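Worksheet: one structure, shown below.
Just so it is clear, A, B, C and D label the chains in written order, and each chain counts residues from 1 on its own.
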Amino acid sequence: MYQFQCDYTGGCCPEILEKLVQTNPLELPGYCEDSLCAEAESLILKKAGLNKEEADVFWAASGTMANLSLLTTVMAANEAVLAADTAHIHTAEAGAIEFSGHKILTVRSKDGKILPESIERVCSNFEESDQVSRAHVCRPRAVYISFPTELGTIYSLEELKALSGVCKRHRLFLYIDGARLAYGLAASSDVELKELAECADAFYIGGTKCGALFGEAVVIKDRDVRDRFLGVLRMCGGLIAKGRTLGCSFKAFFEDDLYQRLGRSANEKAAKIRTAFEEVGVSFYSESQTNQLFPIVDEKLFNRLSEKIKFKVIRRTQEGQGILRLCTSWSTPDEAVQALVNLIKS
Amino acid sequence: MYQFQCDYTGGCCPEILEKLVQTNPLELPGYCEDSLCAEAESLILKKAGLNKEEADVFWAASGTMANLSLLTTVMAANEAVLAADTAHIHTAEAGAIEFSGHKILTVRSKDGKILPESIERVCSNFEESDQVSRAHVCRPRAVYISFPTELGTIYSLEELKALSGVCKRHRLFLYIDGARLAYGLAASSDVELKELAECADAFYIGGTKCGALFGEAVVIKDRDVRDRFLGVLRMCGGLIAKGRTLGCSFKAFFEDDLYQRLGRSANEKAAKIRTAFEEVGVSFYSESQTNQLFPIVDEKLFNRLSEKIKFKVIRRTQEGQGILRLCTSWSTPDEAVQALVNLIKS
Amino acid sequence: MYQFQCDYTGGCCPEILEKLVQTNPLELPGYCEDSLCAEAESLILKKAGLNKEEADVFWAASGTMANLSLLTTVMAANEAVLAADTAHIHTAEAGAIEFSGHKILTVRSKDGKILPESIERVCSNFEESDQVSRAHVCRPRAVYISFPTELGTIYSLEELKALSGVCKRHRLFLYIDGARLAYGLAASSDVELKELAECADAFYIGGTKCGALFGEAVVIKDRDVRDRFLGVLRMCGGLIAKGRTLGCSFKAFFEDDLYQRLGRSANEKAAKIRTAFEEVGVSFYSESQTNQLFPIVDEKLFNRLSEKIKFKVIRRTQEGQGILRLCTSWSTPDEAVQALVNLIKS
Amino acid sequence: MYQFQCDYTGGCCPEILEKLVQTNPLELPGYCEDSLCAEAESLILKKAGLNKEEADVFWAASGTMANLSLLTTVMAANEAVLAADTAHIHTAEAGAIEFSGHKILTVRSKDGKILPESIERVCSNFEESDQVSRAHVCRPRAVYISFPTELGTIYSLEELKALSGVCKRHRLFLYIDGARLAYGLAASSDVELKELAECADAFYIGGTKCGALFGEAVVIKDRDVRDRFLGVLRMCGGLIAKGRTLGCSFKAFFEDDLYQRLGRSANEKAAKIRTAFEEVGVSFYSESQTNQLFPIVDEKLFNRLSEKIKFKVIRRTQEGQGILRLCTSWSTPDEAVQALVNLIKS
């Protein structure tokens, strides 16, 4: 069976593994106070066009942990985060945000993307209410978006700027979940780390789903959030004693353009598969430009694929149709891609 | 400078590193559903004298995460956990238990250990109260102990059984934090994994502080808690996508007696240092039998040590005395131990 | 200005006021352990066809408090409550349920009512998932419905039984918010307190919006929830020291059929207003059968009403249309009703 | 049996009852937006020497609710409140603060009072730690004191100023729980509402235990907390729909000096009882100056008292001694006081 069910079936990419082996004997201080974390932070800040005055980089054990601890730091009691109804924090993180005491206000999304007017509407409603009416709802405080989205799509720079604008106007904290950022950056024609860093108040650079063993880099610009984040991260159980592992991994990612390369290579594999689907007339649930594909296949193709490859079923219709998700990653063998392409076309 | 400030200054032990490299190319399912986790679980259950009917093993990203998610699964609203006033969850986890909505009821401890009568007293008070008086406090639901304790001491089998007995009588869930379990088991003459598993309702086997890159193995016997734990762990952000890393590490720990060996070796290094302190008449804050030492040094020795080694200062008195904590681990070089011994004696 | 903006513009109904004055000099124990609470409990249990073995009655300071403390008692970590997207706990309680750490899973509703198949779908999806997929979402644990609903409609006995059935099949706790129960019971042809008590695992009988100064009676059948509720209520700040006030009020409600009479009288006033709207061709946003009306008025009528009466605006369209909410209650003067009718018809 | 077990055995004082009856027919807006609340706010602000620019008054359903919602508004994630180990929020509110996600850092107290140096020590420890050490604990954010304390004692103006000073130096929010404020103000020679308002950032004026049916007035000076409090109060279920009841009660309290009179009268009754105890050589657990007395009685007196009066047992020693709590209030009949005095002396 070929593995297309997710983008974390492999271990870590060889470049990271090599560095882990290399640095393993070093005796280093704990809790991300080591030189590897410091070097990785410098590299990231530089790529993001930020200096140490303007932002800090923190290290979280998982994506859910990054989201939970960041948003918990940002939101006060009775404050809410706005997110697409397809947002990972709403559909796939087991109620983490609510566990922290906060409501997610879902807004309609298109292809996984929030439109600025959706945010505008919620905020205007709130702002135009009198004091007592406001007290009956949650105060909008933050906006959560994913880059790329859960449906594999990406925001253009213009779209990001529009979101950033509406957030600034309504004093909302804009947070970007970059679980699959490598694929998003590689697919985008106008958004690089710099643009992301300009538009967002905080974002995380995904490690786990982009070729690291585990761990994510959380970049925060807001001064107050930076001051309080480490304590919250610790409180949530997400501060890693041997932070060096994360520092080492992200140093490898950003010392040269490994992160970008890993993203591009996975996107290219996905593109080949997409083309194969298109050639046999299969349509897609979303116009993904990245490493996740959401083909809508009929029963026959569903069954044929099931025999040889692993994928995730998003939904099945009563007629036997299936909306599937297939992922590629740095570790997807070319041979597996070819086998899948043949299977689709056969 | 020699590093004695904690037991996680090294990377992972070579045996684990080798396995990580070996298994890295494997394509495996995510979220701890892989064969490495399954093998590690089997090995652990076997050593603990348990079968798959009696217990499950789960994998958590960190010790705070293990404590947070386990206790959150166990406790309902308005329920509390009893712990020593020196307990890690009370003094060093940034309010994680309270973040989950629960109160820690601290009880007096001796050398880091809870006495059964302390538990007895809290429970009797509660049980003898009328319904309204009970409603004004938190219902005791769980007991948290550490093995070894935060002061390096260990419970004897008799002590563990006594605690287990009082917990059973009052329907309290007994949970053991084994962040440094390797050192505790290696130091004990009558407690092995089997005994721990008999006395506790759940416990975790520490990886991070005992030689793994990160991660802890949570062993749970209670059926209801087993059924709900994974969802809570995910909600807390502690479920690791590439669980294989943890499976691989713990497989290495328990395939032979590596875990025990790592503990013993660190304890032996600590013993040499302890002897040196004793020889120059230094007394200790606690009778640690494991890899942590708590010497009470005068100003002169404090200064001399400060020049060459890193340690943690627990407290300083006005007269310049210091209570220190020094840790050894698998990665402490013999040379560092010797240097420290010389320093003490000089 | 005549007051139709809500059903709590008056103080308490005269029958309750009289009893409060009468019982004021009594010296009674605190925290609902008094004879007035005991008597009120007996009366309620009797009307509900329950005995003291089968259920307890508790007293909460407000409706949000009743919902918060009851659902917090019922749900464990990572568990969710299903509710209509129009549910009071979702739209008007400022994130109380999320504050307690739990997610509300909204399901589509019709006229404010949940359909059994909506519950069925969520539960089947969950139950058919494997263990890891389950861990990524919240476990359905309770269902929240309102009687009458937020749109003034009421469930028929058949509908209630169907909901109760699906809840039992999926081991969901069925909880009914009876903030305006007096109006619902008065409007229903086949649901009385007995039927409610048969179908629900817990429900609350609204005081505040039905003629009391404040306070709600929470009826709970489940043994474990009864055992733990008082502590949770206290923890939430909802246990009232002078519970006697609530006991006294609900004794007045249920000593004879005052509760029913208050509901009926408000419904009759609402019916007169509804007829007037219908006569001038105004349609309604929902087919309310109780004391809340949701007429959809054009700009002209909107403005005419605005001059003389107070109401709540649910929403305004760009064309100037308005969906309004008008409420009657025991305290609405007949003169106000007549004035409003004249205004509509003029 | 005479009732000395608490200060809320009566209904409300006659002056409040009269106003409730008088204002009952008024049709008023809900949620404390009514004229009675506005008038009560003006009266309170005036007595406190504050204007509407400097502070707002809010209305909470209970004391636990006031504490929970105020502190939840003040504290961000990972922040803690310092309190005496005898503090009501620590010993008698069922874990409300922890439920909201926050830790109570208890400090040693004397006669129920916190010493400024205790606060100083906790804050210095925190401030002198490095960033990583800080991340392992909770950040001190607020200080909770009670006036009078849970042991009936009161802070002098000098003591209050010292606490206020240390709080300002360390940017801590000083919050005063005035559940029994009437008794405290009546007993103090130098603290009136003005002084309290000068020293505290927020405080609440107790209604329930001082003669109202229920409800407390929360006075807040901090601008940000004022802006967010109402939403948090609603979220906690503590915003009362018929806030008029609270407005009416506090208007009665502060229209003339009723609040002070009620306090003084209860204190005088307590003084008579204290004198009687002293005359027969009974000593006290605390030097209470207010309406609560804590005599330490021998077994004989314990039994004699038990026959005729109700009191609360704080603790019993093995020798049969008992530390009792006896309370007086506006509703304690002179006859009961005399009977108790006779009983003590007999």
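Keep this in mind: contacts are C-beta pairs under 8 Å (C-beta built on N, C-alpha and C of every residue); 3 or more make two chains touch, one makes a residue touch a chain.
Being a predicted model, the structure only gives us computed values, none of them experimental.
*Asks:* Among the chains, which is located farthest from chain A on the basis of C-alpha centroids?
*Replies:* When every chain centre is compared against chain A, the largest gap points to D.
*Asks:* With respect to inter-chain C-beta contacts, which pair, A-D or A-C, contains the greater number?
*Replies:* Between A-D and A-C, the larger count of C-beta pairs in contact belongs to A-D.
*Asks:* Would you mind pulling out the distance in Å between where the CA atoms of chain C average out and where those of chain D do?
*Replies:* Here the centre of chain D sits 33 Å away from the centre of chain C.
*Asks:* In whole angstrom, how far does the Cα centroid of chain A sit from the Cα centroid of chain D?
*Replies:* Roughly 48 Å separates the two chain centres.
*Asks:* For chain A versus chain C, what separation do you get between their C-alpha means, in angstrom?
*Replies:* Their C-alpha centroids are separated by 41 Å.
*Asks:* Going by the contact rule already set, what residues in chain B reach two or more other chains?
*Replies:* In chain B, residues 30, 77-78, 93-95, 99-101, 135-138, 231-232, 234-235, 239 touch at least two other chains, as defined above.
*Asks:* Residues of chain B touching chain C in their complex?
*Replies:* Of all residues in chain B, those touching chain C are 30-33, 72-73, 76-78, 100-101, 131-132, 134-139, 228, 230-235, 239.
*Asks:* Show me the residue ranges of chain B that touch chain A in the complex, using the header's touch definition.
*Replies:* Its residues touching chain A are 3, 5-6, 8-12, 14, 17, 20-21, 23-30, 60-69, 93-96, 99-100, 208-209, 213-214, 231-232, 234-242, 244-245, 331.
*Asks:* Which positions of chain B touch chain D when the two form their complex?
*Replies:* 77-78, 80, 91-95, 97-103, 135-138
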